[in-house]
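Read from first to last, the chains carry the letters A, B, C and D; within each, the first residue is number 1.
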Amino acid sequence: MEYIVLVISAVLIKNILLAEYLGNCPFLGTSKRMDTAVGMGLAVIFVMTIATAVTYVVQHMVLVPLNLGYLQTIAFILVIAALVQFVEMFLRKFAPPLYVALGIFLPLITTNCAVLGTAILCIRRDMNFPEAVVFAIASASGFTLALILLAGIRERLEISNVPRALRGTAIGLIMAGLMSLAFFGFVGVDGSLKEFIQN
Amino acid sequence: MLSAALFLLVLGLVASVALAIASRAFYVWEDPKVLAVTDALPGANCGGCGNPGCASAAEAIAAGLASANICVAGGFEVAQAVGEIMGQRVEEREPEFSWTSCSYGVGNAEPIFSYNGASDCHAAVMLYGGSKLCPVGCIGLGSCVKACQFGALAIGDDNLPVVDYSRCVGCGACVDACPKNIVALVSQTRRIISEYVTDECTAPCQRACPTGIHIPGYIREIRNGNYEEAVRIIKEKCPLPLVCGYICPAPCELSCRRNFVDEAVAIDPLKRFVADHEMTTGKHIDPYKCTDNEIKIALVGGGSEGLTAAYYLARLGYQPTILEAKPELGGILRYVIAEDRLPRNVLDHDIQGILEMGIEANTNVAMGRDFDVCSLLKDGYDAVVVTSGGFDSRKILKPEQERYDAAIPGLFIMLDLLTAFSQREEIHLGKHAVIANGGLKALELARKCRDMGAEIVTIVSDQPLSTLPVDFHDTKVLAEEGIEVRASATVAAMRGIGERMDRIALEDKDLTGDISKKRTIIDADTLIVPAGRLPEMAFVHAAGKPETEGERVRWQTIETFRTFPKGGGYGILSSPEPGRISDSSAVVKSILSGRRLARAIHQNFTDGTITPIPNLVWEAADILDVTEVNGVNPSERQCPTVSDVEGDSKTAWIFPEEYPGLDEPAARQEAERCLQCGLICYDKNT
Amino acid sequence: MKLLRTFTKGLWEELPPFRLVLGLCPVLAVTKSAETGLGMGLAVIFVLTCSNVLVSCLRNVIPRKVRIASYIVIIASFVVMVELASQAFFYKIYESLGIFIPLIVVNCIILGRAEAFASRNGIIPSALDGLGIGLGFTMSLTVLGAIREILGAGTLFGTQVMWSSFRPFTFMVEAPGAFISLGVLLALMNAFSKTQQS
Amino acid sequence: MKEAAHMIVVLVIICTVCGVALSGFREMTAERIENQVLMNVQGPRVNKVLEGSQNDLIADRKVIKIDGQEVLLFMGKKDGKPWAIAYETLGKGFGGDLKVMVGYDIENDKLTGIQIVSHKETPGVGSKVTEDQFTQRFKGIEIDLKAEPEKRLSKKIDAISGATYSSQGVYEAIGKSLQLYMAIKKQDLSTK
């Protein structure tokens, strides 16, 4: 039951893109077309889940026992960078169709702050391992949801009469803002759910 | 401190070793050539090469399915780099650029409704083909701009696309994106050989001009004071601007839309004004020239047609040589037109300008006397073009010549032949003679040919049998006589070895104007043309055979023009006047013939066939136009009008001594009168 | 002159994140107030300049294949330093920037400049480039932060600047306000450059 | 292979150098950071719990060992004499651990107050336990050291409705705190 709250919170209320401000560069960069948005979203789900699990292990098996908490940033980013490259090679060898579909997005993900951000958030919020994994999947799904929604809007904007100065990223940002406003409507849903579970 | 350093050391080690192992374990073989080529390509994935992206283009190149220079975006440098990887030699491709023809934006063109829908050209076109009345008007919503991967296109302030030529790579994505076919890719070559078609934006004056000068374009430059640019625009289509400025009958002025309001713009005097300006500067303004090639072309005849053909061939990069029988170049312009109509310094200036394009000219050499088609082909020319134009053919034969077909093997002119028959001369016609057209006279001639020893005589007519004189109808009887009638057909080619013609290709003609391409080859020794002078013809080495057989050259003709507006002709001797691409009644018309000859030669050496031009703009073409002009204030024409017989305004027949031409203020003022017409648009605030 | 341009281009022509639409996450997240914007900007200046210099120093040593990984390690080290330093000396800002300090590592501007500029240029130009771009970034963050703080809280750098009866548009300090105000600023900037051009 | 070795060596060297540099930097800043954390995280809470003290509470902190566990103890002084102490304990709330700072008047065996240092309760629901309305209720409650663990506080504080779990977390922390308090009381504070 707690996981349901966690998932709802991560996807809708604390959406990683629209409320936590993470992963905005690829959000605006890859939301121009629906097919790239879907590809990017799936790649992020894939990588974020693995990355969070691995960094969680690194944090709790290595950094904490060695009292090296302050090296978290550098350790995580190294692990993620290596992991992404590893995944890329792995997919290329063993799942060529998946590689063709997601391959071009993988290098983009290393510098996607949503991945590092989620990994760090899991640690900062003192989650346990299953929670961290569920949180990562949910966050990435939230990312994908927002990305796909925005891509749908932007595909329509392409053929609309947008004032010249607003064309491109500017209108994309404003659309993201309006979406974020809409997602505000979910605030409190988790509270009531928790209350419901609690009592 | 130690633990931190150790930790990072181990982490770095583990990560890099793991990756190193992984890159081994998960190694996927990739053609190093594909990788290298992918690196060399620009990576814009524009699709201009026809592959979905640069990576697949690289695969195609590496697999040998595509040539090293397929990347239009990367240009020569990329092609060279790719060629180096692939071990191929790369030849430079002519750059192509995006080009748009519409000049009246949505705000200025004639609207049929105002459009407020989705901002996309394709969407807008779905509604009655767009908001403009003009069928070839730019929608202005920028689908081409969105398609451009290189940022070379933008929609300008007047809602028309503007090309940034420094960025355009000629990939053609915009061309595919435009629903109105307004954006086109042009190379200099294509611009040089282009003909106007009905579905592009042309002004009425432009269409009326046989040479097709972009008249609104040069008048606009005169307005802005860019006289050099004006000359350059004129020279794009007309190599003799000054000559035309003096003697052109100016059919353009008859179709000027100003005639609906007051009087035509003085188009021709304006041309004379800028061309005079060029002459006073003493420097020739040279139009664009393509990269040189090594193909040598001989042009027989140095009149306006030969000069023009040479001019265009030189611009296309060929090496033309003019062979003129007279002591000086110029033909009718020099030897027929009165000097007080066309001062010779004017002619010399223009001819000098043409020769400067890289043309060799030999005078005092005559066809039939000093050379003939075979000798020229043997002397290393790749093509021989007969541009003898308006001159009577008989004069170019040697006086002591016994054979009348010495200049062009196997070709007789009906008049020559009839004269010879009447003088009871012996003429060897061979076994099979072909008479092209000629009406009833042809039948008489055919019988005479039989008498002279020809076993079979074929009469070819491009008309259907039913419209031929009744004498032709009983083909059976005629066949018994040895006379064969081929109606609805045309002579498509001649072929021969040395001084003998051996074959003629006939092509069935479809009355709907369609080319059926049904060819029949007949063994023929003689072709008789029922005309008083030689047609324009172009000869090349025979295709698919060794160039020579012993000492004798194999040769064949190529078509000089092919189009199918109704009634228009094709084949080497097309009607109404056999062999004429156009007539020589005015210098502008022979300029057109010259240009089309150059086009034919160029197409022959590049594509191998002469492609027809559908929707060609010609006199009887069906084209959208306006019948009245509104919102234009009358203004006075700045130069005298001379009326011709029908009372239409004309300026051409003014003697230069009487009229010195427009001075600069008058020219600028006259240029302001131009309505800058498009297909149906015009400037309403003039 | 050329060096000067290397420096000044970051302030207008390549002003991040408006001209170089990169590094948006911190721009959106930490501009709740002018102060946090400024703090983040300063942190980025430090990391950008230092990493540019170091990458430029090492540009001939690092093999091509591991250059990105090496740059990331270098950048991450400076980020950890910033993290520690801000914790030690500016705890308030450290707290309000929260997770976004470690996330400087993945700020595309920094990796982008290391790859696009520092790995191809000498130390002094690289330093100037880092400084210029960093300064531009700081400027943008502070301006955006100021706008959001004034409208969203009625204050600037913590002091009340709006009249007392002003009711702040709370949404300005929330995520939607971040997106919308950045979008509007970007549009204004586009409009301004258009008029400047013509 | 040689190329791979080169890559590995360069990367490892860079990592190691960075590690050394960072740990050096860490050594330099460690003490200040600790201070800063105390000042900014515990500081305001301690000051509130031990209101009325005249000394610098953060500076006068000490670590004592009780039953094998280390406790960070803040001591309030009045006129140079210790009068109250405060320290943190953990309770389990709905969302996770609740850190509660509890202050004691050591002269009168009374609670001087409690403060929530950190929590992970649902905003607007469980988070009500951090509000003064709830925490102020604990101020001045007398402690019966000899009573059963459940009855050590002289007054029962009701849980916040809707935040039962969170309130119970706070009670749990206070209970643990009282346990420690009894141990601490047995030691002579002034000497340490």
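FYI, a contact is a pair of C-beta atoms (placed from the backbone, for glycine too) under 8 Å apart; a residue touches a chain by one contact, two chains touch by 3 or more.
These figures come from a predicted structure and were not determined experimentally.
Taking the CA centroid of subunit B as reference, the farthest chain centroid is that of D.
Note on interfaces A-B and B-D: more C-beta pairs are in contact across A-B. With each centre defined as the average position of its C-alpha atoms, the distance from subunit B to subunit C rounds to 58 Å. Averaging Cα coordinates per chain places subunit B and subunit D 91 Å apart. Centroid to centroid, with C-alpha atoms defining each point, subunit A and subunit C lie 22 Å apart.
Counting partner chains per residue, subunit A has residues 70-71, 74, 78, 81-82 touching two or more of them.
Multi-chain contact residues, meaning those touching two or more other chains, occur in subunit D at positions 7, 11, 14-15, 18-19, 22, 26.
Shown for subunit B are the residues that touch two or more other chains, namely 3-4, 7-8, 11-12, 15-16, 23.
Across the complex, subunit D is touched by residues 58, 61-63, 65-66, 69-70, 73-74, 76-77, 80-81, 84-85, 87-89, 91-92, 95 of subunit C. In the complex of the two chains, the subunit D residues touching subunit B come out as 4, 7-8, 11-12, 14-16, 18-20, 22-24, 26-27.
Against subunit C, the residues of subunit D that register as touching in their complex are 3, 6-7, 10-11, 14-15, 18, 21-22, 25-26, 29, 32-33, 36-37, 39-40. Residues of subunit B touching subunit A in their complex: 3-4, 7-8, 11-12, 15-16, 18-19, 22-23, 25-28, 116, 118-120, 123, 146.
In the complex of the two chains, the subunit A residues touching subunit C come out as 18-25, 27-29, 70-74, 76-78, 81-82, 110-113, 116-117, 120-121, 124, 163-167, 169-174, 176-178, 180-181, 184.
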